[in-house]
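Beneath this line is the structure, given in structure tokens, with notes to follow.
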């Protein structure tokens, strides 16, 4: 932790993430309006959204809802999807990659060929089809994203595991009579943690955006529940006439993703005990 | 006059815990055609010394804190980077420990040799390739044409080290620094390479600085030897003198701890403890804590290297007789 | 009485990328008695490390048997083999690579105890403390990580881990090659002490003939996957019966400027194990090679008139043995 | 080489077949009926039935798939349900635009990523390194459509330097390709830096310096060639990633490529087009990887094509 | 608008006047550029059924009947005249002389017969097949059991006789539908399925170039049978043009007609811009946007609940969300359609009354349900507005915004979708007759698995009345027929299977250089504009 705090960029990232979490948790108390309410005074007489300023700090959306309140509640969705589904993707990817890399043989080959196949499969199509088949819900989004995003993690983990499995200390553990489970659990998985963390953080931006795309397709978050992604997509064509509707959530996603990336990067350095030893 | 003389060289590193000197007041001289052994254990500063002479240390974190490195009377430490670049590879050649990794894997042997030539000699491509071929022959590589077109990974360790040597001598340098040139090689190959280096320095009149931890090599090939410990020279002498009668307890302990062929010993004499890490060295002699002959003075003050007028110098308050 | 270890016709080949096969270990036989140290010397790529892993069943053999106290390790079921591993341990060459950088020293040393379910947490802690002391490490070392130690200290950790289960056999694979001279002597002495105290047997693998001579009762010389000579240490160094052994011995530079032995440096380098030469594998580099060497593969056989069981794989072993001693 | 190619092509065929199978299955499972979409609102049930029969939609899925495969082997991708045009022709007409966009994207990725990564590596640990790396993270974190819209807003709307959207000249390509390239550029900069920092620590770099080579020469001649391998492998993967990325970029910039086609087809459940696009995407990814594998030995002679 | 249409119906005479040669002195020549976002799909008249290719096909092909430009007045087109038998079952069309296809071959009556039979033939996969149900022999032909339609005969090259199995007042409209347009048999048979990419017709324009995904070029048919038509020499359709970009290009003067609607994001701004005064033409559309309630699913099986929903929705606010580009609706028919009940007041917006009705129906605390909608803008927004209004009276509707195909499928499954917002899939009339709003979407025939009657509303009595109305083929009973239809729709509103929300208005944005009657730019059957009749002001310069 101290090492993370040494990097000013990571500290900035932590602040942004912390603030986002805080806002998401406190949204019911912080939000100036009901995020669902399509306010009469939230639209001009011609039906145009209101720009930031005045009663509406971030302006209103095309239905006359307060954008600030929607952003605050949307932070919940985006955080949950980003963390949960991306976390699930990383876990699935790590599990499959580690199994394939450690066990090798026909099972490893089968897993990796399947990974190749998934790699070559257009993710969006898979997501749409799955959601259409299973039926839309928020958790479907998480599932779909996890199913789409694990692939790259699996490949990276596979490569790393094959290298790790050949390390001398793994051989030493085998010579001691260690069971495979112990070897994987004690000598391989902990070494994968930095990779997992990096992917868990790097993947967040893609995840948040994929959520947005899926919500837009009607697969994910049910309107009128907001997510940063669906706020953008609902109003993307307004970028010239109501740019705040695109840029405010866009910048929010960018900042959040950037923060996760920066923290992940610092975390990776910090988790390396060869760094930790230097006092 | 010496081709290369190093005077009071001090090299420090910036670490997380402040600056630390890893080489302190090192002086030595190397004559044409001579082979000087620089011996010591890992971390004693022998490689840093060599890198400092070549000015290959990254600054920061490294910092050359003092001293002079004179090559034919010119202080290399005062040259600009561009000037220094012209010295490297031209006036001083260098051979490294790992022939596996010291050659660029993505270029052919030939193009790497040609680069070494063309960086310093205004010759055409064709001419450079011819010279590269000649160099390979000089280092005892046959089938030159084929070899030039091969990549490093297609060569054995011994051949690769020969290529490294060819690159180091490409511009007939005044001095060649060989940093553990045979450590990574098998015994039989090591012998071949050392014989080659020995022959080349005689033929070409190059001064050869042999950095090694292997006292056997030093005994066999060097004219004189410097022993380093914890960043300082603890003893220097002509080879015969040193091996016959080491005066510094460290040198003595080192020589004693080597198992020798045909001499069955129940236990090897060993030096207790271990080398103190840089930055944690006390005020006195860095070896004092491991030394059986240590006296009070040893912990108080660093012994100077002396006597100055003798070719056998040692830095010890209580030397062996 | 059965020997502690009996290796019979052990072979292992690996496929190469080009579709060929490398016979890394190509028919090795030997026995090891209790309390004995067998030195194995050879140059890089001769198969000595593979031999170590084959004995330990870390790599399954292509052919042959490894009988440990009369029990064929290759035939043991996985669980039984894991239990058997208590008796066979290994010390690796690279004291950094063989220690998990993410574990504290105490966890590394305690790992064998945990694996075999020995002792309570508290007992294990005490065992670790004893072991640390036994290998000459300070008591506070347990709380630290491998990278905080020097090579010699890390090797002590590796040794502590190897002896934690009180094994009967320790295979030391180049245990001192990565260490400095002064430290090397310390570790060699430690290994000798442990052997005496714990009644260990060693297979000591090294490329350094002087070290092997120092520690071994018997010495085997390996070349391209085969033993070319096997004899007790004194005999081997005094009267080598294989030209390769002779060359190796003479190539070692002695820390003695007055040593002016003629050096019998063999020309060239070991050929690729993928395409070993026909006949005697050493013949292309052998100064004594004759026609028969190019055609017939010499078997590892008793050297006539040799002392004890002196085995050598050379058609002219007796001739070679009669040459002046290379150690001078 | 030939054996390598044969094996890889074999794998490619398997992967593509696997992908078409999965796609087929997914389409089959989606609760919507293409026959109804075609029949329109006025059609009586009998018409829907006869359409279903006409298209073979009433047959078991396995049979449908086998028919699809056998048609595919004859080079027949089928006809769009809605447009009634041959899918091959539709894809072919849109492929150039997408390829152009992808090529432009890769160009910008490399143009941004490699110099930035090199510079960061050269100044590692110092200010330029930090600045470049944070910038790279911004590039990686930025939502693609946001980048696209921002570029559009600045360069086409406000400054009016470049055409807003559309397809045709290089000036049209610039913004969409840049949008595509910024994300990859960030990735490449990071990869290039870490790869280069790693390479710069290698012994042969020290050798080159000992030879008297200058900093620039070391970076470009000795470093780049060794450090670029992960990037080459990445380009292969990128082709696949781009297949998803183009959907967004094509819609932001009104680029008449495969992405748009796919989007429309998904909306209308035009299965032959969806199958065609998946096929193309799979082929692109497989070929991209193959290409990367084949280029690798040219860069690093240690790598051999393993059959 | 309404008046004009009434006149049109009256004109349905035995000897209809020829479409007069364009009498205006609009210049001919010049060209215009029309932009579209989506690619133009097939131009085969038997197949094309997008709003986009619909009017392009109209410019390339002709049918026996057509409408007077800018109106819904039926006039003979390829036919010079027609007669209807007294029993209302037999129509005899006399073809105009000297009409040739773009390939130069003269049109004959056999082409008419072939073209209609082709649309009915199941192999063609025509979405218009069902429109021809009233022609004798349809069932056999549609099932593929007969070679052609027994009801169509061609006594000579210029005469087509069509016999109906039942009198039908909409038949002449069907003859003006794209699906019955004349195609040359030999070309169709030669090209097979590729005819739609290389269409050959008798229309005012012929296709000269089609670069998939990029542009189409239509050039004037010099031999067109109406003198002075078309006005333009060339129309270029640029596809793949995002509407907001197209708008910017329009503002730069690079484009003449926006094929797609003005993007909502910029609608207000554009409308307020004085520079565009007179260049944006507003018109009605034969469209209704409605909310269906599945009458077979509780609680919508209770008419009180359905009425409550009708009263709960604030249509004015929804109209505002779509920037006033619609007028609130209170009945299925749009105002421009004959039969629209102008004096009908519908259900008033009254949340309190709605709540009371719900309580009366046994739902004092409301209930949970689902609302399906298509996922393209502005439909999710409209659906959310409806959702909020429903929530205000206690109806908690989960919103499912899905791809078009998925929503359509859900609507056609029994007991699946309780409510559907029709936007994006809603009804735009194929021809201007009130009957067109009934059969598939409100009649019993559509209330089947896979049908389009998403309310699953089936009223046998009304079905009978509808059949009766459509059998009134005598032009003299026109008024009576329309009145009957009016009653049918008002009775439907009593049962309230729908909550009609709004009728969309059209706004066509044209460049300064394109001219013509305003009605040509909001032509009820040609969307976005009547390509044949608009002209370039700079033509000939």
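Labels for the chains are A, B, C, D and E, by order of writing; each one numbers its residues from 1.
Heads up, the rule we're going with is that a contact is a pair of C-beta atoms (placed from the backbone, for glycine too) under 8 Å apart; a residue touches a chain by one contact, two chains touch by 3 or more.
Predicted model only: the values in this text are computed from it and were never measured.
Student: I'd like the most central chain, judged by C-alpha centroids against the all-protein C-alpha centroid.
Tutor: Per-chain C-alpha centroids compared to the overall one single out D.
Student: Pick out whichever of the two, D-E or A-E, is joined by more C-beta pairs in contact.
Tutor: D-E
Student: How many angstrom lie between the centres of chain A and chain B, each centre taken as the mean Cα position?
Tutor: Going by mean C-alpha positions, chain A sits 53 Å from chain B.
Student: Distance-wise, how many Å sit between the C-alpha centres of chain A and chain D, to the nearest whole number?
Tutor: Whole-Å distance between the two chain centres: 22.
Student: Please set out, as single numbers or ranges, the residues of chain A touching at least two other chains.
Tutor: 128, 132, 239-240
Student: Touching at least two other chains at once: which residues of chain E meet that condition?
Tutor: Touching at least two other chains: 403, 406.
Student: Spell out the part of chain C that touches chain A in their complex, as residue ranges.
Tutor: The touching residues are 53, 56, 58, 81-86, 88-90, 92, 94, 97-103, 111-112, 115-116, 144-145, 147-148, 158, 161, 165.
Student: Would you pull the chain E residues touching chain A in the complex into a rising list?
Tutor: 243-244, 263-266, 268-269, 271-272, 317, 320-324, 375, 377-378, 380-381, 383-385, 387-388, 398-403, 406
Student: Contact residues on chain E for chain D in the complex?
Tutor: Residues 37-39, 41-42, 44, 47, 49, 122-123, 125, 127-131, 133, 142-144, 193-194, 196-197, 211-214, 239-242, 245, 248-249, 376, 403-406, 408-410, 412-413, 427, 430, 439-441, 445, 448-452 of chain E touch chain D in their complex.
Student: Which residues of chain D touch chain B in their complex?
Tutor: 202-204, 206-214, 221-222, 225-226, 299-302
Student: Quick check: in the complex, which residue numbers of chain A touch chain C?
Tutor: Against chain C, the touching part of chain A is residues 167-169, 171-179, 182, 186-187, 190-191, 273-274, 276-277.
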